[in-house]
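Here the chain labels run A, B, C and D in written order, and each chain numbers its own residues starting at 1.
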């Protein structure tokens, strides 16, 4: 794939796999709906992650085989799931004590917009006809130790999702640590967006042009 | 037994039995240490009470047979107990959610002093050398729907325990509903102490003389 | 003597009054007490404030209660779900009020209500429009908002097994909001797949102790919302 | 890969530092992690702030830790028990600080600390000397005081069974403060009578999920405080 290719950058599966590479062994992880859900397929060799779903299950396993699901064993996206050996079920106050109390290591969420100060908008377009629905998103970004966003770099209309200020209603201010897109991995630093890694065949300029705020180049390690 | 008898009034067991008569069927009850503990022996025919002990058991049963107790099945007084069929164990926050949240119908406590505005002092003499120790007493009086006190009418030195103002540190202000003593049953009303019932052979004047605040006579039902 | 079992869902919900606040357990269809909700529709109470994480789907259960015009206000975190059309229509036409609460804040507000805690502080929603009008306060250099405990006149929940004292155990992720709602309801009404005698449930595994439960009614084979919706069922 | 089991109580408590805040489970002897406490005495950390409902009895367990002069402050509800002589003596001679907290407020402060709630309101202790210096506030015409969440650097608890993920179940009234303390400790260390593999514990009956637990050490036949005290044992 080259920069001239019409289908440049990572696929959804590749983005999920790239995120998984950055999750330390033994992490307790909450996955949002969409691309984050795909991460369960790409746990790196030798690592073990435990998935939390905020409706009341620690140790969420893969989707059940066709016809073997149960309507009362679901995830936060209300899809049927399974439970791994060593799982536990609990009530909502306990589940959100895990979140709010800073016990989860990581959540991986989708985004409508991320600003270069770490602001995240992912719950509402704020449109006059939109039905506002927040679920656990605000709890997650306020409580979980690290917040990763995985998203297409631009909207379907080609507008940047990485911006200098969110125009959509915030999910939380200054909460995002890293952004994984089809084009790049980008850290949110005190100085703003900083490139960590380019997807194969993608150039810095290509990413910078499609980013709605200044993009700092990959940090060169300083001599120590 | 007559008013001239040296041993006038109810025994500890009789006081406990008298309290039990006033507990409605189906009540969830927390019993303090001392005379209140004796109430379990006197459940009136046809009634069922469920006993809560704040260290984490609903459905506390009687003391175990000699040699059959377990060090990890104890009550709030740290004495070994049993659990009835239909009991449940739970953690402290849940146990005090029952108390603080107003789910218990009744607690029966001992007292150092009760004032005629319902103030209760039962946790500390406030002495300079006393080790302050409160346990769950303040939680109980603040949260439980009805608070009964069962106590000797006077101290060992003959001083009234029913007073016009507590001199000992309060467990809670205006919390006591009824007082059961060896001499009488007394309600705490907006007008102060009101006699409900005299123990056999005890006169109104005898009780009033031993009460450190005005004692109103038994209320006569008004014609309706 | 204590026996909280009542013979029918109709009797279980008979005294729910117009204008009552009703907490209804469930996250999506998991834990939704459909038979109790349908009994409430039949019973006719209206002007209800309903607390539930969602707003139901299709035209059964909670969605049917809303469609019947019995709910004047929803307190929930996510009123937009697959097959959820009833609430959005009424909301857009201004016929139903919505108090949107983050899911964890909703869970904690309900627990606080049941635990005698009138208010607490949380960092959730700080700096967002859901903090508008809320008191903020700093603790140890971090900003929090104050949230109020939430109570209800009635709570309707579903469980797997109950004893006649009202001790409850649940099924997998159907547990969700039921335990805190049982605590926060003045009258807590439970539909259960089975009822056993006191002593048949291990006291170590009771999730909701009987003190939080007022009525237990057996619904041996409860219906599943997703099955009803897929079959196009509309209640009543 | 995840395996929280450590081979000895000594290794389990090795990094507890001078001046740490340590929550210790137990109500009286029920749930008291004696072997972990004795390992902490051997380890030598001092200047500790200890959170426990009581102050131990005799000269074993928590009482022995206090007697060894390692505790500079106790946060507890009931520092006066049968056979409790160590704490009273040190307290009267001004050698140990006491923060007295009503039992339910203590339990809720610990839960709040673990649940990310910096403060909450309660009616407990309103109008008493234990409300002195505390902020009061009215909600719906009733007065409450504000209490702060409580956290710890380390938590030491005992349970009946653990799996290697750190899921825990307890024994009868020994459960008491362990679950909230597991939540509130930065490092939670558990002594357990048995350790099983993940999957051997029913996920419906787990009381403390593994996310709250950092280390698990097997102590197959834990000693009982009352037996040691009756035998006149003094540790070390």
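As a working rule, contacts are C-beta pairs under 8 Å (C-beta built on N, C-alpha and C of every residue); 3 or more make two chains touch, one makes a residue touch a chain.
Since the model is a prediction, treat every value here as computed from it, not as a measurement.
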Please flag the chain sitting at the greatest distance from chain B, going by CA centroids. A
Per the C-alpha centroid definition, the whole-Å distance linking chain A and chain C comes out as 30
Can you compute the centre-to-centre distance for chain B and chain C, using the mean CA position of each chain? Integer Å is fine. 36
Let me have the rounded angstrom distance from the C-alpha centre of chain C over to the C-alpha centre of chain D, please. 34
Which residue numbers or ranges of chain B touch two or more of the other chains? 83, 89-90, 93, 96, 99-100, 143
For chain D, which residues are shared contacts with two or more other chains? 108, 111, 115-117, 122-123, 170, 172, 204
Mind giving me all the chain pairs that touch? A-C, A-D, B-C, B-D, C-D
Under the stated contact criterion, what part of chain C meets chain A in this complex? 27-31, 77-82, 87-88, 91-92, 98, 100, 102-108, 110-111, 122-130, 170-180, 207, 224-227
In the complex with chain C, residue positions of chain A that touch it: 53-57, 70-75, 78, 83, 89-93, 95-96, 99-100, 129, 131-139, 142-143, 169-174
Where on chain B is chain C touching in the complex? 25-26, 28, 46-48, 50, 52, 58-59, 83-90, 93-94, 96-104, 143
The residues of chain D that touch chain A in their complex are 1-2, 111, 113-117, 163-165, 167, 183, 197-199, 201, 203-204, 206, 209-212
Interface with chain C, chain D side, in the complex: residues 108, 112, 115-123, 137, 139-140, 142, 144, 148, 169-170, 172, 204-205
